[in-house]
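Pasting the structures here.
First chain A sits with chain B, and in the next complex the same chain sits with chain C.
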Partner chain A sequence: MTHLPDGRYVDDEPFDPQASLLELERKDLDAPNWLLVWRKFKTHRLGLISGIFLLIAYGLIPFAGFIAPYGPNQRFSEHLYSPPQSVKLFHEGEFVGPFVYPMTSEANLETFQWEFKPDTSRPLRLKFFCEGSTYNLAGFIESNRHLFCASEEATIFILGSDRLGRDIFSRVSYGAQLSLTVGLIGITVSFVLGIFFGSVAGYFGGRVDWMVNRVIEILRSLPELPLWLALSAAVPSNWSPVAVFFIISIILGILDWPGLARSVRAKFLSLREEEYVRAAEMMGATSGRVIRKHLLPNFTSHLIASATLSIPAMILGETALSFLGLGLRAPAVSWGVMLNDAQNLTSVEIYPWLAIPMLPIVIVVLAFNFLGDGLRDSLDPYQQ
Partner chain B sequence: MEILRYAIYRFGTMLMTLLVVSVLIFIIINLPPGDYLSNQIAELQATGQSAGVAKAEFLRKEYALEKPLWQQYMIWMGFMPGPHGFSGMIQGNFGWSFEFDSPVADIVGDSLWLTVLVNLAAVIFVYAVALPLGVLAAARARTWVDYTTAFVGYLGLATPNFLLALILFYYGHRWFDLPIGGLMAPEFEGVPMNWDKVKSILVHLIVPTFVIGTAGASAMMQRLRANMLDELGKPYVETAIAKGMAPSRMLAKYPLRVAFNPFVADIGNLLPSMISGSVLVSVVLGLQTIGPTLLTALKTQDMFLSGFVLMFVALLTLIGTMISDVLLVLLDPRIRYEGRDA
Partner chain C sequence: MRPLLSVENLSIGFGKGDSVVKDVSFAVQPGETLALVGESGSGKTISCRAVLRILPKVAQLRSGRIILETRGKKLDLATLDERLMRDVRGNTVSMIFQEPMRSLSPLHRIGNQVSEVLWLHGRKSEREARNVVLECFERVGFPEPERTYRSYPFELSGGMRQRAMIAMAMVAKPDLLIADEPTTALDVTTQAQVLGLMKDLQRETGMAMILVTHDLGVVANMAEQVVVMHKGRVMESGPAEPMLRAPAHPYTKALFDAAPEIPDAEVVAIPPSRDDLILEMKSVSKTYTLRAGKGWKAPTLIHACREIDLRVTRGETLAIVGESGSGKTTAARIALGAEPPDPGGEVLFRPDPSRPTVPVHDMDRESRTAFQKQAQMVFQDPYSSLSPRMRIQDTLMEPLDIHRIGTRSERREKAAEMLRLVGLSPDMLKRYPHAFSGGQRQRLSIARALMLDPALIVCDEPTSALDVSVQDQILRLLEEIRDQHNLSYLFISHDLAVVARIADEVAVMRRGLIVEQAPPETLFYNPQHPYTKALIAAQPEPDIDRPIDLKLVAQGAGAPEHWPEAFRFNGSDAPPLVGMKHLEPGHKVRCHA
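Presenting the complex of A and B:
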């Protein structure tokens, strides 16, 4: 690159009059679809950030036990309703590294509340990669290493503790395991049902189409929550938390598929008239093969975007059900179950940190919304 | 005349839908193993109280619970004579609540009207908020007005309804001295309507309306904004601007009217989610709507009560959707012509 005195830049490469002008654009024209989508998606800043955030959040799920300093149901009877403790770096103007002051609790007999006083004379440093209560890493590797914990004489409640003296931060990270996966299982159920009914209705048309359409219309015209409530009330109370969890996510999925089925059906109706479908049929492909190999791949990306947009509804649904006591139940830890404690106004007024699990919910739901919007906008790279 | 025929047709489909829905609901309320009475009988026998058992057995006969399921359904709906002749939903007999030991109609009573009232208020709120904000956001696209409304809208969509309810209740009481809980001051309960009672109900409605309407309002606002933006780029808008029309008059006169259609059509999508929300919010805020009744009925397996509440909620949604469909035809001539051809 040469900078000419008159301010122009000129390439040093010798000029080749034979080179095709299209050469530069050729690369773009031949680029695979996913590359174009990715290029466009990258410009959608909010969607990109949300996507990375969700990737990290889901990636950390197996390590919940490692991140949390305590077990989800580990109780500290001396520290009921402890307010959030702050981690400090400087003690009396001197740098000691991250530390906490030990807290002592005392019952105030006039207000009947626990009052916590930090002992500001003794800074106790946090330990990292320390040994604590045992947990199962990713569900099967037993371990007792934690990312951080307080020294033996102190406690570390970054987000405070609840009515039984359990660490809210630990519970939030364990709760993510259920709260985040409930949407994934629900969306899988909804996907399978939606694609099946949508494609059958769209491809075969006629009577099948009419039937499926009526079912879709009816399900869409019903308020979801009362039906969710009624269905989860039918789950026997003696089932194990894991079974309840699966059933709840399936219930969430069962009522979600009509929206998806409708868009799949609309796509099929227009696509089945295409020549390549006719060609495949002429060559003797079965209906199942035409649907799976020739039609569905046309809009899987579109489906993924719409799935991303319906996961938040499921996360909120689980939260609402658990909050009302009809979803996941006590030994299980999810964000909704935790919010069950924040149900009455007194607790929210005196112990506002009980409502903290709403923050991860709001953030995750927003992230899914932004990611979905970004995906939807960038899925058609040829459109400006 | 055209419109009348459409309305009748739409009413017919609504009735058919309602029929299917009733089957669905009956299946759902019968999903839990056993029924209220058989559970009670088992419990009474375990504790050795035979007097209660006789009463429960009597009730089982009385409500035909020992018959096969499809017959129970027919009797419940009133298509088939039960132990007391035809007396089901259609005949206006909503069944017996075992938990409260009184007819379902007595228990739900007033709460039906309050449910309708709360939801109506929420719908009005959605329109009152979404219309000006959506238009404003579109007219001032890509300015701070647009970004602020979008941000508030997203927050409204992402915050769980019940939490919003708790928070707003708390701060509403603290800063604006709004009442906490319930739909009217306790002294007005059971009192016939008078001016003070109406005022009390209106004040109590503020927070619930806001909470139930927020999610719907933000969704509708975004859609209206998108529709408006599509219209604003069209040549006729440019013509109007070139003529020197005042911007507000121009907006109201041309693009808004075109963008308005989906706005009415949307109520059909909006209603189910809003009624869902109102059930949840009612439970949290202790409103005397049928929300809390539904929750207790479901938890105690009081099947006739929960069945009736579910039916009512479904009916409310279906009627709302029907009205919006008919309104849409009134509003948009193009849809009517399409209907004639078909």
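Presenting the complex of A and C:
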């Protein structure tokens, strides 16, 4: 450091004016977009946890039969409305490993309720990788192995049993198969429609844009619930549960696309103003090339985030329809169908575990919302 | 005298990274102006934001003291309690931000936003505050303070908004005003007026000022003390006059040399020859129809440009200079065929002296493709002109891809060659654009424009988003490439000094019309039109002895209806563009001869 006589301070470390030209200013941003998004997403803890949770949840769907100790429609007529049983480890201060006490049910003739009494003298250990009812692993491999089951003399109802004596835990795991995938199918339908109409409107503008916008506005102005009801009431009642399931998801998708189409259109319009798009157009690139190479890659992440945020609406939609008895019907099992049993307030009051299928719905919907939030926050990784 | 504000050994860092501001110290005396000078990323904004503690969330003040000594109190702003800090902000220390378009709330009336400062600091009743604000508005040069009080930000132009911001900062009579690049987003003439206003106000109120800028020209006009920063460190600091007369640090020297200057032309230049034209625009006009807000009113016509006659000679540069909204970009877009001109206008392009001219707006598919190969554009914003998803190599190879030229390895070869040509290294091919600085990105977009070996390049304000030092490098690069490859440029700029070195002919535009046209030397030697004179006078130069002449600026930059008789516009009627044969060859002025 030097001080000049006129009071100036001059730094005297060596200085190379040319150095900056070949140096990268932001080494941290030198990566493909997905990597930058991932790096930023990682810092969003709630989103990350939700993402992992959903990944595990969807990963386990094919193995629902393996996790559930019983089949979805397997009945235990001795155990109607059985309360949740707890799995214990210690019997009279002694370690026995995971076990349950066998339950005996008895009708109380004064209150007309089923009363369950655990037989605390007989700890019965749980069995692992045991044989039980047959099911199809991932839909086609026939198997009868279960992760755990109770010994022959006892039952295991972790979340209790319902009106017909079916295990709620097993039904929740089977119900996940339909409840979780209804959103995916719905969102695919809504995605295809939304991207198509949105990009057509955004790219061509003018009359086409006007038409699409009016259709969107009309669809949005229709009250949603009655429309769902009307459409699902139109599904013939003699169709198989699987066909009903597909129709329901498609209905949900058809009613959901306007929102997506709007955001696609808005994104299209704003991206078209970017100078790299103009540059490509001026170089003589065809519209197809501009859309494919410049527009689409630059809003895929945006699309994924908005899709993630609209899946919960689909799941809730299915639940609502099934709850009202207009969506999926027994013998199909979904969380909404299970909640249909909880319509009777009195029985919920006496057997509160009937409302347990609400829990997975709440958790999954929250997880999707957190994940979508996290994705949306990390969409633009270039800002500080 | 004790300094009003002294910053000692300030260090600031983001997250776990290295400090971005390292050991910075400076002091501001009461009533003085201190200029913080540096390029973007030098830490100048962060340092002055630290004074008000309005840093981004991830930033941490790692060390240092910020002592504010005023009204008999001595406060350390680095450690001051957040509640007491609020009393300092806007009251003792206030700030003006860079973007006048974004720093006012669009939903509130200007007057309410400005009086908010007074309400917050709880000194005035509403009526009193209003009177103070109106007085302040009058002082910052609003012709009708009452009307301004009631208007919304969108009703004001950029310069007027910046005046409103100044009023907001000044209304509580602060002891220290921090101005963060207050004029960077403004046109040259507006910049001169705003700077003049700030200087007047300072003289009147005796407040101190910290002026953040990247332009030594602004410093020379405003500051008594200068701190030059680079990469978070102070390179040189001290009184402005000796520093600008003899910069001691090589970085200051570089900044000094890079500042654009209007050359002192002694001779009249010979206009470029007219026999080998590459591009010719013949009476090109463009009118946009704006649907009126009310259904029963006729739509408004907006004349973006009117009767433009321009010729670009092969191997030379024609510059169009004008403020924002003068129609220069529209002219360029028409020249490239991106928009059709109004009927009657014509653009002719001759890629090769041996070939016939082709009309740009009346081409078949084949000649259109050929034209798109031979005419390229360099864009203004280096941050949006490269697709963030594509590696540099894909971006550079895209033009060849579109026109199906060469194999993949040949294309890559060519891309590497172009990178070398623009001064970058070929191993940057695999990188993504966001890793680069603004200057490097502008080089990349020049490289992309060169990929197809064009004959004509339209540069749409290629340097206006860049720092002064980088701007100089880019201009030099453009000159070198032009001479090496015999390119012709149509160069759009709002800054006369920038085009001074690169242009062979300059057309000055205002309100869609060319008001004066001449080779640059002639223009600087003998400017005729008041607007040109204003542009020249408004140019801030790093020369202590050449202050901005505000009178000339005010006269020429005002509305064309107030120009001197001979040049005056009457509504949409303008005087004709006449050649000044008796003065100099090739010099045209829009006036009643």
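The criterion applied here is as follows: the second predicted complex is superposed on the first by the 331 of 384 C-alpha atoms of A that agree within 3 Å, B and C clash if a C-alpha of one lies under 4 Å from a C-alpha of the other, contacts with A are read in each partner's own complex, and residues count from 1 in each chain.
The working rule: a contact is a pair of C-beta atoms (placed from the backbone, for glycine too) under 8 Å apart; a residue touches a chain by one contact, two chains touch by 3 or more.
Bear in mind the structure is a predicted one, so any value in this text is a computation, not a measurement.
Undergrad: A:Leu29 in the overlay: touching chain B, chain C, both, or neither? Say first, second, both or neither.
TA: A:Leu29 contacts chain C only, not chain B.
Undergrad: Once chain A of both complexes is superposed, is A:Ala261 in touch with chain B (first), chain C (second), both, or neither?
TA: A:Ala261 sits against neither chain B nor chain C.
Undergrad: Between chain B (first) and chain C (second), which does A:Pro312 come into contact with in this model arrangement: first, second, both, or neither?
TA: first
Undergrad: Is A:Ala154 in contact with chain B, with chain C, with both, or with neither (first, second, both, neither)?
TA: neither
Undergrad: In the overlay, answer first, second, both or neither for which of chain B and chain C A:Ala355 touches.
TA: A:Ala355 contacts chain B only, not chain C.
Undergrad: So in the superposed three-chain picture, is A:Phe15 touching just chain B, just chain C, both, or none of them (first/second/both/neither)?
TA: second
Undergrad: Scan A:Ala320 for contacts with chain B and chain C and give back first, second, both or neither.
TA: In the superposition, A:Ala320 contacts chain B only.
Undergrad: Going by the contact definition given at the top, which residues of chain A touch chain B in one complex and chain C in the other?
TA: none
Undergrad: Which residues, counting only chain C, touch chain A once they are in their complex?
TA: 41, 56, 58, 230, 233-239, 242-243, 248-251, 254, 336, 338, 368-369, 372-373, 376-377, 379-381, 384-390, 395, 398-399, 402-403, 423-425, 428, 431-432, 434-437, 439-440, 445, 448, 452, 473
Undergrad: Residue numbers of chain A touching chain C in their complex, please.
TA: Spelled out, the residues of chain A in touch with chain C are 2, 4, 6-11, 13, 15, 17, 20-22, 24-27, 29-33, 274-276, 278-285, 289, 293-294, 297-298, 382, 384.
Undergrad: Can you tell me which positions in chain B touch chain A when the two form their complex?
TA: 17, 20-21, 24-25, 28-29, 31-33, 154-155, 157-163, 166-167, 169-170, 180, 268-269, 271-273, 275-277, 279-280, 283-284, 294-295, 298-299, 301, 306, 309-310, 313-314, 317-318, 321
Undergrad: Which of the residues in chain A end up touching chain B in this complex?
TA: Spelled out, the residues of chain A in touch with chain B are 214, 217-218, 220-227, 229-231, 233-234, 236, 312, 316, 319-320, 323-326, 339, 342-343, 345, 348-349, 355, 358, 361-362, 365-366, 369.
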